[in-house]
């Protein structure tokens, strides 16, 4: 299977996360991911998009962009935001370590990045050229990689 | 509600129509369309996308592009293709009348445009600047327009 | 039981029954065509398609069923459909295909109608 | 019965039971928060949330439940969850929230545990 590409742009509003989750759910089903893994993919994408909306967007019309690519080995999802009102340097190793160390099961927030890490086969957080963040999550299709 | 915009590009392959249908289904549900109308919207989009793939694409990588806009009055969907291998002038009133007159309940093909017309509140077929077709379907949100 | 992952084939005397376990957009419609043409090539001529797990059908899939029904009738057989959700019946009605292909409430009545 | 379209509130003696009828992404999570905070402001302190119709929950919704559970306990009440699908339990387990919020097999056992 040659690599194919899908692009999806939605407004920066959590209102649109359910349709995006439905899209990736059906795509993963078509790609024959096991049911449990489909739930992982959907939750990962929900967490990435929720972060892009809550932390990576200054306004609703800023929008978030998804680039999804598929080949015989993997489903790769990149979610790009344009940056939110918070500091731009949240991606330094120091800040990320701080986020990680602050996480507590009794905490109301701060579980999203952790879930993304737990559920994806590979994940990357990168500052992009437009002042925001590109979050990548990769899910292998070989069926050998059920996690958790 | 201000007008918001969604864009979606998928390869020209019927493989991707189910995820697109899932997306529009969940979006229509979020927009509180009645269940029966959601089925209409999904079927209309399926027919438009199937045509864009089968008749409006020279190759898989050509792709089809959806632009979806939402405001308090309506959900509007425009599907753009780049044109297929067939004649470019299929949109003349003469050709469209011919397609319509040939349609028969016992026919295996030729029901797609008819369903699009039956199920949408407004529909348009327009030649676009890139050698293909833009098909527009509008669904009003006022709930006064259940058809069929 | 034979068929594919989404099209299970069962039998009842000389009638083959297909359980469709997927929505029928263009992609799955071509699977359905393959399964039905497989039955035709095996000289099966009485077929029931059970739609109880189907929520969506498009015009390509309806057209496929119409085409197969016509071919089965040429062999003195037929294709009968059952357990259609109301949205599916509506699509058949709009196209006009419900006057061409027989639609039954239940699998039992579809089988009894042969 | 009160609540919203997707969050039906029932009662059993002094316990309020919420039937969640939607998947819990961030959008619905804020509805859930509103409903639960509404109960807190009405001085309700025993709450059961029934998840039998929920297929998905994200960390925002889990965090909301954890926060409300802590506030109810301050009033000597509690929040108990029941009828979670295995994918939901998994999300609670990964986060560690199943050690903070009590999860029960059935509504009956959740109620009995008060």
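The letters A, B, C and D name the chains in turn, as written, and every chain counts its residues from 1.
Everything below uses one rule, namely that a residue touches a chain if its C-beta (ideal position, glycine included) is under 8 Å from a C-beta of that chain, and two chains touch if they have at least 3 such contacts.
Predicted model only: the values in this text are computed from it and were never measured.
A.B. asks: On the document's contact criterion, could you list the chains that touch chain B and likewise touch chain C?
C.D. replies: none
A.B. asks: Measuring centre to centre with CA averages, how many angstrom lie between chain A and chain C?
C.D. replies: 40
A.B. asks: Using Cα averages as centroids, what's the distance between chain A and chain D in whole Å?
C.D. replies: Result: the chain centres lie 26 Å from each other.
A.B. asks: Suppose each chain is reduced to the average of its Cα coordinates; what separation in Å results between chain C and chain D?
C.D. replies: Distance between chain centres, rounded to whole Å: 44 Å.
A.B. asks: Residues of chain B touching 2+ other chains?
C.D. replies: If we look for residues of chain B contacting two or more partner chains, we find 15, 18, 21, 30.
A.B. asks: For chain C, give me the residues that contact two or more of the other chains.
C.D. replies: Answer for chain C, listing residues that touch two or more other chains: 27.
A.B. asks: Can you name every pair of chains that touch?
C.D. replies: Taking the chains two at a time, the touching pairs are A-B, A-D, B-C.
A.B. asks: For the complex, which residues does chain B have touching chain C?
C.D. replies: 14-15, 17-18, 21, 36, 39, 42-43, 46-47, 50, 53-54, 104-109, 111-112, 114-115, 118-119, 148
A.B. asks: Which residues of chain C touch chain B once you look at their complex with the stated criterion?
C.D. replies: Against chain B, the touching part of chain C is residues 23, 25-28, 30, 55-56, 58-60, 62-64, 66-67, 70, 86-87, 90-91, 94-97, 99-100.
A.B. asks: Residues of chain A touching chain B in their complex?
C.D. replies: Spelled out, the residues of chain A in touch with chain B are 4-11, 13, 15-16, 18-27, 29-30, 60-61.
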